[in-house]
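One structure is given here, and the rest of the page talks about it.
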Amino acid sequence: MPSPYGKGEDDPTADPVEPDTEIVQGVAGGETRLQVFARVKDLDRHVGITIKADVADDQPVIDSWSDVYVGANWHERECHEMFGIGFNGHPDLRNMYLPTDFEGFPLRKDFPLLARMVKPWPGIVDVEQMPADDDEDTK
Amino acid sequence: MAKPKVPGVFKGMGITLGIFARTVTKGANTVQYPREKETPPVRARGVIALHQDNCTSCMLCVRSCPDWCIYIEGHKQLAPPRRAGGKPRQVNHLDRFDIDYALCMYCGICVEVCPFDALFWSPEFEYSEPRIADLLHDKSKLSEWMETVPEAPELETGAQKK
Amino acid sequence: MTVLSDRQQLSYIASQAADARLNVELETEGMTLNIGPQHPATHGTLRIICRLDGEQVVWAEPSCGYMHRGYEKLTEVRTFPQVTALVNRIDWLGSFANEVPFILAAEKLMEIEAPPRAQVIRTILFELSRIANVSLFLGDLGVQMGAITPVFLAFRDREYVLNLIEGATGGRFHPNFDRIGGLKDDLPKGWIDETRQTVIKLREFCDTIEDLLFGNEIFQSRTRGIGIIPADIAKDYGLSGANLRASGVDYDLRRDQEIAMSWDKVDFKVWTHPDGDSFARCWVRLQETRESCKIVEQLLDQIPAGPVMTKVPRIIKVPEGEAYVSTENPLGEMGYYVVSKGDLGPFRVKIRSASFNNISIVPWALKGVYVPDIITILASLYFILGDIDR
Amino acid sequence: MSMLAVEIPYWGQSLLRVLGGLAAVLLPAGAIVYLFLFKMMSFMQSRLGPMEAGPFGSLQLVAEVGKWMQKEDLVPEAADKRIFKMAPLVVLLSTFLLVAVVPFGPDAWFTNFSVGVFYGLAVASVSVLGILIAGWASANKYSLLGGLRAAGQLIAYELPMVLATLGVVIQAESMNLQDIVVAQNTGEIFGFGGLGNPFILTQIIGFLIFMIAVQAELSQTPFDMPIAESELVSGYMTEYSGFRFLIFFIAEFATAGVFAMIASVLFLGGWGVPFEWFSWDTIDSVDDWMNVAGPLIMFTKMLALTFIIMWVRFSFPRFREDQLQTFAWKILIPLALANTAITAILKVAF
């Protein structure tokens, strides 16, 4: 992500820094790449807990909650289409938002955000050096 | 309530008649726009005005704009020294400062992040254009907006100056 | 509050079962009707595909995604101030209320708290945006049922609240006024007593709407006993806000959780209704608008003097960690699960929006219902499309 | 029609009748649209309504007609073209046929049927056909729903209207509208003739039922299921645009005007003022200037009744169509029958 602050931090002549798509394991505490968490709340005792489950890297599948909590049905559909995590036992895992023939899982970090690729970042421009100072002309 | 229970149906009709009478006597709440104009509050975020001399083209606003709609180009040049006989100062001269109001979402991050107070909000809102390309206001247009920038309103009692 | 006797509920369900059986014998071939993305009754672009038999809905399924802007992906390439500007466009009617949970989550991660004056002003603006949101709903309810006049009254009185929000924050719909550690600015002079007059106007508006619409026998016959959602089914689907309280569940996030806002300094009543039908939902929202007026009035007297912003570095790097904060938004419970990697912007933001669950009950609620009742139930569930599709 | 003291050839009379008919339908429609739809509705919603076209927006209707004229009137590709084009004309036709029977003065009438009321009510139900055709021919699911709802509703509310007029006919002992007007203006209540005997006093139930039925016939708000904007976009009129929509629009408000005229004839004494005031006793002794004053009196009574219709329209939500049907069949029709029975019994008794 181009750093929005600090003039000196990025040198316009250098090629734009590659967004680091290297997966850092478990920022929020899990071991594998993907981690599913669900929040359950008891309305009478006002207690809510978040349950986390690591999903295997090679085969991201997990059991579905939709028969216990019907409200989870839509959440699981959205999670499936955004991250590609399978939910076995789910009645119909159709796409929630994306068109049916959309391939790729948008919310994964390695999925490019096209809006930012198309237009050059206006912040990359920098006030060029003094014309007389040094020879290499940056403009 | 003490008065007899008027069936809701007629009470509803009574209310519409009441509003009818109030509008006929006291006039409507609507503003006939082209003739009467409602003045927006002092802090309204209508358009961004640029104070050119303050701007040192430090690119902070460009980088912190979420919509990438500010374009700045400038170059360094020598300016006369402040004190006589001093070394000529290196100054960033502003060549181009455009804000594309077709993209801008009026979030105000640029005005807030500018360290040299070069950008100001003005509640002006009547600058629509038939052609969308004209919404790209250049440096001179932005400086024109400077006159419409109001004084900062004093704050509520109990506010502490930052 | 009339309690719909079980006999009425049973008779309603029995009549629907009878009609359903009748259709089976006649095997009249159904018609698929698209209450399409472009429809006056959906607050935005919601499409409901329903199979009709005559005027009765046999099967209904909302298909969302027409307004999916991909917020969670956008937040990953933005810094924290930029996300606040982005995030108040989710529920665009009560937009200040969207920023607050996100900022509270970020403050929780940074273990800082806004000064008391900022907390009180935040709660006042929160309640004002709730009034703006729900007052539009009360007017719009009339239009869904065919009465044209309430919507103009609603927009007229809502203008006063929007002028207040614009006076303080600068933006009518997108205030972008909340910062990590406090508020961007303090209130302008004379704002407090202008709010007092507006609140009085809003109370009058509530009484007018109650007489004009809620008292109307036709309105009651259109909404009582329609779209009954029992309490346990509402909890199962994860409904929240007025939809839940209308089914009799006494659960309000403003009272039931400690949060860095000043709802605990105010006494307000949480309204519930036992019936759980469309009328109950609309009625609970009407009472909640009045409660919000009361809250704003009480808070206006308790604004402490002092700064509006705590000591916060100019460039904010939120330390690593995760936090989930949810507040009682006008539409229901809205929560943000913010995961930060110590960078300028959040690593991942999960937005739990209220209308997403409120609409997931539509397939269940619309079974065996007449076509005009689809609009009644949708109107009473009161969702905003930006909330569903994010 | 020899009142102008010059013998008008027959073709001249029919031309005058045609122009009179146009004026009698379109002028009230224009007045109603401007006065009630533009101005009264906005005042009831605390706004001023159209103010730009002409002084106080008076020429707004001209602007709207101009707009609709130059808009392209589309015919959907899958539509049943011929009857799609014909539908609005059928609806407007029923209005013109209805106005033919309304008396405007002692001699100022288009036709003077002895069975005027019977003819009027028969013709009033022609518009149901037009609406049904429009709903079916538009090949659009929403229009079909709107058309079917309209068919159910308009037929259901024909009956109370007919039965309500039955009470009036019994009391006036004639189906000729002219006689009904005379009966109302010459009769007296318990000997005092200064107010005439407008049937609204004795037939108050009939009047209420008639007004409710008229509200339903025009598919106005408590009964505007066929044009439910929030559900069916605009019911059977969804696919119409341009000039055809203009005909529908005119038809809607012209029918409102004409029904209000019929209601004022039946219940408010039509074009006449109580004959007692000018010591007339029969229809022939009425002076000639009444032919000019009659239409004006009729116009004001029509505006008064339309004010009530529109007032109800702007402050009520909408019935669901099954509630609407039960209201018609289970409440209005029995009430109308009872009213007719009581009128008949009282008629025989006195």
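Per-chain residue numbering starts at 1, and chain names A, B, C and D are given in the order in which the chains are listed.
Please note the rule applied: contacts are C-beta pairs under 8 Å (C-beta built on N, C-alpha and C of every residue); 3 or more make two chains touch, one makes a residue touch a chain.
None of the values given here were measured: they were computed from a predicted structure.
With chains reduced to the mean position of their C-alpha atoms, the one farthest from chain B is D.
When every pair of chains is scored by its C-beta contact pairs, the maximum goes to B-C. With each centre defined as the average position of its C-alpha atoms, the distance from chain A to chain B rounds to 34 Å. With centres defined as mean CA coordinates, chain C is found 29 Å away from chain B.
Put simply, the C-alpha centre of chain A and that of chain D have 64 angstrom between them. Multi-chain contact residues of chain D (touching two or more other chains) are listed as 44-47, 314-316.
Counting partner chains per residue, chain A has residues 3-5 touching two or more of them.
Residues of chain C in contact with at least two other chains: 79, 82, 149, 153, 156, 212-213, 216, 218-219. Working note: touching chain pairs come out as A-B, A-C, B-C, B-D, C-D. Of all the residues in chain A, the ones that touch chain B in their complex are 2-5, 7, 119, 121-123, 125-131, 133. Residues 9, 12-13, 15-17, 19-20, 22-24, 28-30, 32 of chain B are the ones touching chain D in the complex.
By the touch criterion stated above, chain B contacts chain C in their complex at residues 7-9, 11-12, 14-16, 19, 29, 40-45, 64, 66, 105-109, 112-113, 121, 153-160, 162.
Within the complex formed with chain A, the residues of chain C that make contact are 64-65, 68, 70, 72-74, 76-77, 79, 82, 235-238, 244, 249, 251, 256-257, 315, 320, 322, 324, 335, 337, 339, 341, 343-345, 347, 352, 356-357, 360, 364, 389. Here chain C touches chain B in the complex through residues 78-79, 81-82, 85-86, 117, 149, 153, 156, 159, 163, 166-171, 174, 176, 184-192, 208, 211-220, 303-309, going by the rule given at the top.
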